[in-house]
Structures are given as C-alpha cells and as structure tokens.
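Supplied in structure tokens, the structure appears directly below.
Going by the order they are written in, the chains are A, B, C, D, E and F; count residues from 1 in each one.
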Amino acid sequence: MGMSGADLANIMNQAAIMAAKSKATQIETIHALTSRDVVLLGEARPSVSKVFDERTRHILAAHEAGHAMAALLLGPDPVTRISIIPRGPSLGVTFMSPVKERFVHDNDYMLGQVMVLLGGRAAEQVVFGTSTTGARDDLNRATQLARDMVCAHGMSALGLQAIGEGASPQLQYEAEKQIAELLKDAMVRVVDALEENKGLFEELTAGLLEREELFEEDIALALGNHGLVSRHPVSEEAKIAESA
Amino acid sequence: MGMSGADLANIMNQAAIMAAKSKATQIETIHALTSRDVVLLGEARPSVSKVFDERTRHILAAHEAGHAMAALLLGPDPVTRISIIPRGPSLGVTFMSPVKERFVHDNDYMLGQVMVLLGGRAAEQVVFGTSTTGARDDLNRATQLARDMVCAHGMSALGLQAIGEGASPQLQYEAEKQIAELLKDAMVRVVDALEENKGLFEELTAGLLEREELFEEDIALALGNHGLVSRHPVSEEAKIAESA
Amino acid sequence: MGMSGADLANIMNQAAIMAAKSKATQIETIHALTSRDVVLLGEARPSVSKVFDERTRHILAAHEAGHAMAALLLGPDPVTRISIIPRGPSLGVTFMSPVKERFVHDNDYMLGQVMVLLGGRAAEQVVFGTSTTGARDDLNRATQLARDMVCAHGMSALGLQAIGEGASPQLQYEAEKQIAELLKDAMVRVVDALEENKGLFEELTAGLLEREELFEEDIALALGNHGLVSRHPVSEEAKIAESA
Amino acid sequence: MGMSGADLANIMNQAAIMAAKSKATQIETIHALTSRDVVLLGEARPSVSKVFDERTRHILAAHEAGHAMAALLLGPDPVTRISIIPRGPSLGVTFMSPVKERFVHDNDYMLGQVMVLLGGRAAEQVVFGTSTTGARDDLNRATQLARDMVCAHGMSALGLQAIGEGASPQLQYEAEKQIAELLKDAMVRVVDALEENKGLFEELTAGLLEREELFEEDIALALGNHGLVSRHPVSEEAKIAESA
Amino acid sequence: MGMSGADLANIMNQAAIMAAKSKATQIETIHALTSRDVVLLGEARPSVSKVFDERTRHILAAHEAGHAMAALLLGPDPVTRISIIPRGPSLGVTFMSPVKERFVHDNDYMLGQVMVLLGGRAAEQVVFGTSTTGARDDLNRATQLARDMVCAHGMSALGLQAIGEGASPQLQYEAEKQIAELLKDAMVRVVDALEENKGLFEELTAGLLEREELFEEDIALALGNHGLVSRHPVSEEAKIAESA
Amino acid sequence: MGMSGADLANIMNQAAIMAAKSKATQIETIHALTSRDVVLLGEARPSVSKVFDERTRHILAAHEAGHAMAALLLGPDPVTRISIIPRGPSLGVTFMSPVKERFVHDNDYMLGQVMVLLGGRAAEQVVFGTSTTGARDDLNRATQLARDMVCAHGMSALGLQAIGEGASPQLQYEAEKQIAELLKDAMVRVVDALEENKGLFEELTAGLLEREELFEEDIALALGNHGLVSRHPVSEEAKIAESA
C-alpha cells in the first residue's frame, strides 16, 4: 500500500480543508491521518454499517481481528489500527505500518505477508466453521505473493528457474502445486495461531463489535491482558500521535 | 437479480402509467409489483401459454415447483411467487425475496443458490424421469456459481489458491472436477428433498397447473397442509402487500 | 428448419407469382407449398438428376429412405415428403412437419433428431456396406446436437456442468468421448431399425427410384403394406392438403 | 482439378489463338487439349527437361509411372496421359479423366484417390529404395484427403463424430493416428501392386524415358503386353480424340 | 554489458564536464571511469544507502561479495570492482572486465556466467540461510542463459535440436527440466566454493561493509591474505589506472 | 544459398568496378569470384581476424575444417574453398559448389546436408571436447532440414503424414523425437568420420591456421597426402578457374 507523490499532495490538501472546516489554526496529526484514510481507502461509510445484521457484523469483526492476529503473531509489521467501519468498497480494514523502509524482502517477510492476508479467512473458519466471499481479494493477493515466491524468487522446492508466461503447461502446473502447498502450510500456521491465542482473538473481536475501531494502544492493552508483548516495535505513527 | 437506479425509475414510471390507466388516484402496491415484473422480466405473455400442450404445461409447472421446493427446503430466501405465465424469453419464474441485504455470502448461501438453480432439472427427473433443454440457463448459472466457489473463494478441496484464466490446463481440469462433484452432490440433495416431500411438491405443481401463479400465502398454506413451517421469515414484500 | 417473417413474406410473394403464372384466380395450397420448397431449399433441379448414374440414384434414394425410416420409427415428427429431386445444393431431402410447436425439448426428442440425421449414413451401410461423402452435413449437425446434449443440457454421464469454450482440454476430451458414444449408440439403434424393417425400407427406396418423390399418403400406404401404423399423428400439412 | 467457367473461357480463347497461329480454319481437338494443358498446368517447358541428368529423369519417370500404376490398378478413373515434360512448377504429371460426373464419393473412391497420390513415392521406394522431396505436394494432398475421411466423413474407427478445429488435442491426436494408419495401409497396397506388376511398371517407365509422354492407347497396349485389361472404360476424351 | 557508440560519446561528454567542474586541465582516467559508471548504471545514490538498516547492509554486502567470489573462483573474467553504493535502480554491483574480446563462447564460459549470476543468492543462503527478492533479476538472467545453452546451443543432454517458440509443450518441459538441473548443479558449485573459501568471503563482505567499494588491488590483497592467487590476468582497466 | 537475378546483376556490376579499379581491360574470373563473395557473404574483414587470440583462431579453423571434412566424406557436393577470413557477420565459411542443378532431393542428399551443417560442432567436440555458441546458426538450419525430412517429406519412422502447424501437441512431440534422433545419428556419423580421418582433419586445420583460406586444389592435395581421393568430381568453378 505504497503512496505516490500525487497521493501525498492530495492527502495534505484534504487535511488542510479538514483543518479549515474544524476551524483549527493549523493542520493537526488527526487531520493528516483522517485525510490519509480518505484518500487511500475512500470516505468512511458508517451508514452502511448500520444495515449489517448481527451475524454479518460478527463475521466482519472476526475477519478483521483474524488479519490483525496474524499480523501480531506472524507478520513483519506492527498493527496500528483495526476497523470495521466500511471505507470505499471495503467493509473493514487492518492497518499496518512498516517498521522501516525495506529494499529487499526475505523469505520470512514474504511468508508473513501471505499469513496476514489469510488471517481473515482463518478467522471465519475458526469462529464460524465456514468460508465467506469476503476473502476473495485476500486470496487473490496471497496467491499472487505465493506465485512471486515460487516463480520469480526461487523460494520453493521447484528451484531457481524463473517461470514466466511462456512456461510449459506442466511446469506451470508444478508451480501451482507449490503455490497451493505454500498457501496450505501458511493457513495451518495462521489457524494454529488463532486457536492457541483464542482469548486475545475473542477480546479483539469483541472490542471491534463494541467500538468499531481499535488503535495501537488498545491492541497493546489486549496483548498485555493475555500475558503477551508485541513482537514489533511501536510504530512511527503511534510515536507521532503520542507526541502530538 | 439486482436492480439499478435506472430500473427503479423505470418501474415507478410504468407503475404511474398503470395507475393512470386503471383510473386509480394513486400508485397502489399492485401497480408497483406488476410494473417491477414487466421491467425486470418482460411483459406477461399468457397467449403463448395457451399453445402449450398438457405435457409441456406439466413439465413447466413441475420445473418451477422444483425451483420453489429447493428454495423452500434448502435455499437462503423466502419464495414470494411461483409462476408459469411466460414473461419475456422465460416460460416460468420463481420469485425469491432476500431476507436482508447481504454483504458477504458464506459457503451455505452459495450452495443454497446452486441448489435452487438445480431445482427445475431435479423436478424433471423426479416427475418425468427425463431431462429437458429448459434447464440450460439454470445449468450455466449453477456452473458459474460453483466455479466461483472453487476458483475465487477457496471453498473446495482444491484449497485457497485463486484460479484464473492463466491457470494451467491440469489445474483447470482439477477445478472442473471439483465443480462437477459440487454440482452432483447438490443435485442429490435437491432430488432427495423433492422425493422426501413429494406431497408438497405435487400440491405446488397442481396449484400451478390450475392457477398459473402461486403467492407467498398460497405457499404457506401448502406447507401447512403437509405439516411444515417455512424456514424463512415472511418477506418484506408480503408484509407490504398485507398492510396495503 | 425454422422460418423467419421475411421467409414467410417471400414465400407468399413467390406463391402469388406462381398462381398468376398458372392463371389461377387465387393462391392455391400447391402454390404455397411449392413456393415454400423453393424459398427454403432452392429451385428444384431435375436436370441434374438426369446425369446421375444408376448407382448414384440408388445411393441417394436409399440415403433419403434411411432418413425417413429413422424419422418414422425413431423420430419425433411425422414425415410429410421424401424426395430425390435435387434442390439448391442438396441432392435429396426428407421433409418432416412438427406435430406441435415445442418450447422445451426433452432427452428423447434430442436423441430422436440425432437418429433421423444418422438415417442416411445408416442406409448407405445397410444397403451398400459403404460410407459416402453425402452424409457430411448430417454428421456435422448430429455432432452439434450431441454436443449440446452433453455440454449445454447435462444429458450425459458427464453430469450437469456447463462445458464451454474455456473448458480444459481434458474435459473437452471427456465431452467428446460422450458425444462419440452417444452417436455410436444412436447409430446402432438406427441400423437395427433399418434391418428389422428391411421390407418397408426397400419399398420406400424403390418408390423413390420410380417416382422421385413420396408423400405422406404414400408413406402411410407403405407402412400398412408391412403391417405397421405410423407412430405419429397425421401432419397439419397433410390435413390442409386433404381439405384443399 | 475442377474447371471454372473462367477457365473454360480462357481455354477456348487460347485454343482459338493456337488454331489461328497454325492457320487452321477451325479449332481442332488438338488445339483445345493443348490449350487446356497450358491453362490448367502452365506452358510445357521441355528446355528444363534437358538439364536433368539420367538419374533425375529416371526418378521422374518412375514417379509418374507409379502414379499411373496406382491409378490403373487401384484408382477410380482411367489414365489418359502420363508425361515427364515439365509444365509450370510441376516436373511431371499423370492425367486422369473421370468416368462420369460424381455427386457423392464413397469410401473406395476416397481411398483410391489417396493411393493414386501415393503412387509416386511408392515408385521411388520400389525402384530406388529411397524417398525424394518430389512427393511433398502428393503427401500434403493425401494427408488432407485422409483427414477428410476421418474427420468429416466418419470413415474411420474413430466413428461418426465431426472433428473440427475446436477439437481437443487428444482427439486431434487420435484422428492423426487414424490418418497415419490409413496412409500406411494405402502405401502397402500401392507398393504391393507395383511389385506384383513390375513388368508393366518397368515398361511404362521405359516408355516415358524414351518418349516423354504416353497416351491412353499406349497404356492400353502396355496393359495388353502383360496380359492385363484396363479396369476402367475408355475415357470420353479418348473417344473424342479417336473420332476427331 | 556492451557499450554502443552513443554510450561512448555520452561517457566522454560527461567526463569532460566532470573534468571542467573539478578544474582539471584535461580529462583524467578517474573522470572517464566515473562517467562510465554514471552513464551505464546511473548516478551513485549514497543517500539511499544511509537509510539501510544493518541487516540490509549486511545482506547487500554478502550478496555482492557472493557475485565477486563466484567470479573470482569460477567465472571467466577478472573482477575490477565490488560496490554496495546504490546506482540507478541497483543496490549494489560487481564489475568484471573481459580479459579479451570474445567472438564465440564455449560451454565453460556460459556456465561461468551462470555461476557468477547465482553468486548473490548463494551468499544469502550461506550467510543468512534465507533467500531474498534482491536476486530476482539475477535469476531471470541466469535462467535465460541456461535456456540459451539448452535450446539454442545444444549444450545439454537434450541434444542438438534447436528448440524455439513453436516447440511442443512436452519438449518445452523437457528443456525446462534441463534448465532446472543446470541451475541446480551450478548453484551447488557456487555454494561449495563460498563455503570452502569462507575466510576470503567474509573478508570481502567485511571490506564492503566498511568501505562500500573494493577495487582490483583490494581484491588481490584479500586473495593473498588467504593464500590464493587470481585465476585471471590483471584487467586492462587496472593496468590503465596504474599507469595513469 | 541460391542466387537471384538481382544478386547476379549486382555481382557483375561489382566485378566491373573491381576490374576498373585494378586497371584490367576486362572482367577476369578473379573479379567475378571475389565480387560474388562480397555480394553473398559481405566484405572480407581481415582486421577482425587479427584480434582473435590463438585459441579462438584454433576453434574457428577446426570448426570450418569440420564442415569441410563432413562435406568431403559425407556430403553431396565438392568443397571449393574453406576460409577463416571473417566476412559480414560470419567468422568463417566453407564453400561448396553443387555438382549439378538438382530438381528433387533424395533422402541421402538431405541427410548429407544435415551432416555438413553438424561438421563444425563435431569438430569442436573432437578437438576441444567442448561446444561453442558459434554453431547456433548451424543447429538451427540442421534442425529445420531434419524437420522438413520428418514433417514434409515422410522420411522418418513417423510415416507419410504431412505434419503442419495445426498438428496436435503429441504428434508435434513425436516429430521432435524423430528430429532429435535423426540429428543424433547424423552427429555420430560425422564424429566418427572426423576421428577415423584425424590426419586429414588436422592437416586442413593446420592449413587454415597458416594460410586462412584453402582452395579446391589444396584440398585435393591434402586428400592425396592421406591416400584418399575425392568422392566428388572437380567443380565447375575449379574448371573455369583452371582454364582462366
């Protein structure tokens, strides 16, 4: 979820407008962060949220809590916010903030991203024993990441060969088998993590159902409630917010 | 069978014209519902119905009753009307009204939709021991739904991999085997439901042959005649109609 | 062999011209039927027929008699005429007239059409023990019908899955095996019917060689000669002709 | 080697010019036949023939004699001329004249045409124990005929299914295996015929080497020399020539 | 990494500008070499380097040292410089200078180039036991070289056949298996070389971390420290630099 | 290596210019032959030759001597010149002059051409035990010839079927296996010939290294030195040169 120069300019303009509307004398951090959400994800649509029935809200909350759990326990970056307020076409979102600018990604990072993407579906299975259509985009992106690992980065048993569009059907199939196995193993790890930390998972889900958004400090609190400490440093974002 | 804003405007205009034609002082519910049918399905063509021979009428009635049975016993939404009055290119239609606006669909919902689509063909087999060309569109749509479940939503034994157009022929074939099995299992469930509830099935078929259209209250009555209660709440539509 | 509105207008115009040429005061049924043949099949070309040698005429007569036999014994509709007068690109033709307007076709109807199409080739094999290039178009159309049964109507052991152009090569092949088997079984049934009713078959062939065209009443007579009664009602066409 | 109306007009014009050049008072049969060869095959190029070495001439003569032998012993039509005078792009040619206008072709006719086409290659193998590039076009056309038999006319063990461009790779391959077998069996029959009639074959080859062209009466004489009588009636062409 | 005439002109112009900027009275070798790096690789971006964390710098240094080790121990050409100063899109670079202009490449040369390309990934595995996305371009180029060996130069067990885009899927797959095996064997050789010369490898890595660039004389010194002598002659470039 | 009319005109013009430059009063044979080389192959580039190192020159000499050996011992035409003077894009060339104009090619001729093309690679393996990229074009052309033999001329165990672009993947693969086997067998024959005539091979290689070009009379002499006589007649070219 990179940001172009045009995005940045757009965000600052929107933040300035928000600041003006709220009669602030300058752009506050809150204006910048809200503006960023609007520009990158679309305007929050709380009205849509109101038509969800209880089961749908529960599924959405568990789905986002699942992404967050995978990120907290298995992913590369700290979670800065979890939300079930619909934004743009999305019904929920889990925000992560990279610990640092990365120039190369290693095998663990790639696999971590795959597991974060599978967290939503894992939650559906652990809580409801079902699968929903809400994970379609997650599965697409996880498949693409796994494909890159196997076909471009030589990160599978298939070896170092770059496998492109001109590959033979049989080699393509072998790559697909690697991708399937990689996704299956990743899913097992995420499901295990959710089940081994069911208390935390339920607390996050309940928090979302109650408050719709959880922030980095809420998450830290929840981790503490279950005798856990974050594997990640505090995000730059949280530091800025705190100092603001 | 979603409805666009343009559809909606069109329906209201047609309803106003109908109201004017019938010299009503305002648009009644009946005008709105009739107008909706015309806009979404095409003008009713009872004249076509007259040229059907008895066997064809029986097949059409059983086919629609089959869709309705699957919806009543296995589908996600209440049935609001069953009709063998031809409309547009269609020789019969079973109307369902979603209990609620859905934002994500789970595995059961998807499978339920597949079974409703297969209800017509199942009826042909149960009543006449044959298959007709009338199910062509149903099979197309059921296949597409099953494909989405297997290839986009990770809802089969093939796992979570997103399977798109660039997939290898072998993986495509494995997906097709999953689709075939999913359809076969769904068909068995629908046929079983029809056979286990033959009394209700025959009553609905007979009702259609006699009256050409059955409404939500007719269906409730028929369910009651066989000691059954609907699995679904009364539709919003029926409530509106009742209060009108 | 459907007829468009334009065809109909064309037929009536041609009939009017024929009536005028023959100085009739009004369009007679004979004008309408002849006009129909010309518009749908092309002008009769008896001159071509004269250059056929005896063997070719025998093959053509047996071929058309084969289609007619399959239609009489296994097909869905009554045979109204059999002809070996070349018309347009066609060297012979067997006319059938649908008993009724059909809105859905069942498995038996489809299979019956396939068997009628295979009747010509079956006759070549039964009478001459050979195959000719004259069945090319029949085989094309029978293959297409069988493909529809297997791929669009779920009428084979392959199940309900709709099989389109994007199907995997392996599934396409499995569909082709079903088509091949369906055609093979249909051929066996047609060949058996021809051999079990050799007397009738020879009488129709001889009739064609002698008179070039046989009409519904000729066919009824031939059936009677062999202790058979038509499986089909008298065609609307024959009734009109009789009452004219 | 059909002839269009334009071809015919062209032939007659050329014949008129030849007649005028030779100061004949009318178009003689010889003018018409020579004109036909020029229009359909190209101008004779005897000068090219002079640069052939002995072995090349022997190969060409045996090749054309091979076509003629296959036509005489296994083909459907009488041979009217055999020539090793190069015409247009062709280094030799065997002329056949259909006994009659054919409207349908049976299995034997098709197979006969295939065997005539393979006669040239068979001769290369029988006389020189080698294969040359001179049979390229023959093999192309024989393959195409065999493909039509298998894929369009249902004349193989593969059955009646029409096999077009959209066929699965596996079915295409099965068709190719049928084509290969059909060609192989045809080749065996041609080689056997050449070997069993070696005397006639050598006489025709020697005649071509000596005189460059053999006509229908030369061929009849050669057949007689070996106690054989033509399987075909005298061609229309020969009758016209005789009566001229 | 060939150089066009336009590149050369561009390099000399840039060198002249550099010389002018540094107030030199003429273009020095240092101006020409720096200019060459800028034109071929892009401007050095030391500022980017500063944002790398320690682990990233260590990975980059080991990666480049791995390329250099493979070149020194297994490759065809002397290494003239190793750098972890980012240039253009590249985060590090290992420079080699061909001993001579080559007109044909033998099997050993091709394999040597493959091994140099795999040196970076081999280093990641030997030092960190992981794989990174930084080797993507290396794997692409090594795969392409291996493909050329197998498909264009007949340098594999698959034999001499040229294998182009029209090859059958099965032959393409067999070629891919050869490519995979070739890459696997090459990787084993590089990993073995790195492990057998761990002292040198670590010294080069440490040198890069400390000084960011190592030159031909640094490398010679390092080789000497481990009792090794370069397999390659001193590069022309080094000779020029020395004499400058 | 055919020659068009335009080529011929071009050659004669260039020859006239050369004659004028050398102040000859008429075009001599030497002008015509040199002009031919320039037009068909490109200007000789002896300057490039000077930058070859000893090993490269040895490889090039052995490579061309290999082509010549295959032509002398296994090919259809006499060798008129062997050269390692680079011309155009080519680093060496072996000239052959057809004994006669050929109109059809037999199996032996085709195989002979394949073996001449493989002679260069065979020499690399016999002398250096390696393979170089210099044979790329040879392998392409040998593969294409072998493909023609198998797919267009029915000269393999695959039989007479013409195999074109529409062939099934499996048949294509079977053709490729035939091509591979044909090339492998041809290679064995060439390698055997080189090894059995190592004296002659070394003499030709040494002659090329010393004098850069060997002519028909040099080759005859070398053959004689090893008790061999050419299998081919003296070329027309040599006769003209001698008489000049």
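Quick note on the criterion: contacts are C-beta pairs under 8 Å (C-beta built on N, C-alpha and C of every residue); 3 or more make two chains touch, one makes a residue touch a chain.
The structure displayed is predicted, hence computed values, not measured ones.
Colleague: What are the chains that chain A and chain E both touch?
Modeller: Shared contacts of chain A and chain E: no chain.
Colleague: To get from chain B to chain D along touching chains, fewest steps?
Modeller: Tracing touching chains, the least step count from chain B to chain D comes to 2.
Colleague: From the centre of chain E, which other chain's Cα mean sits the farthest off?
Modeller: Looking at centroid distances, C is the chain farthest away.
Colleague: Based on the averaged CA atom positions, which chain is farthest from chain B?
Modeller: F
Colleague: Once you find the CA centre of chain B and the CA centre of chain C, what distance in Å lies between them?
Modeller: Those two chain centres are 38 Å apart.
Colleague: With chain centres taken as the means of their Cα atoms, state the distance from chain C to chain E in Å.
Modeller: Comparing mean C-alpha positions, chain E is 75 Å from chain C.
Colleague: Measure off the straight-line distance from the CA centroid of chain C to the CA centroid of chain F, and report it in whole Å.
Modeller: Here the centre of chain F sits 65 Å away from the centre of chain C.
Colleague: If I count partner chains per residue in chain B, which residues reach a count of at least 2?
Modeller: 169-170
Colleague: What topology does the chain contact graph adopt: line, ring, star, complete, or other?
Modeller: Shape of the chain contacts: a ring, since each chain touches exactly two and the loop closes.
Colleague: Could you read off the chains around the ring in order, chain A leading and chain B following?
Modeller: The chains follow each other as A, B, C, D, F, E, starting at chain A and passing chain B next.
Colleague: Report the residues of chain E in contact with chain A in the complex, numbered from low to high.
Modeller: 51-53, 56, 59-60, 91, 118, 121, 124, 128, 130-136, 139-140, 142-144, 146, 165, 169-170, 172-173, 176, 179-180, 183-184, 187
Colleague: Which part of chain E faces chain F closely enough to touch in the complex?
Modeller: Going by the criterion above, the answer is residues 100-108, 110, 148, 152-155, 158-162, 166-171.
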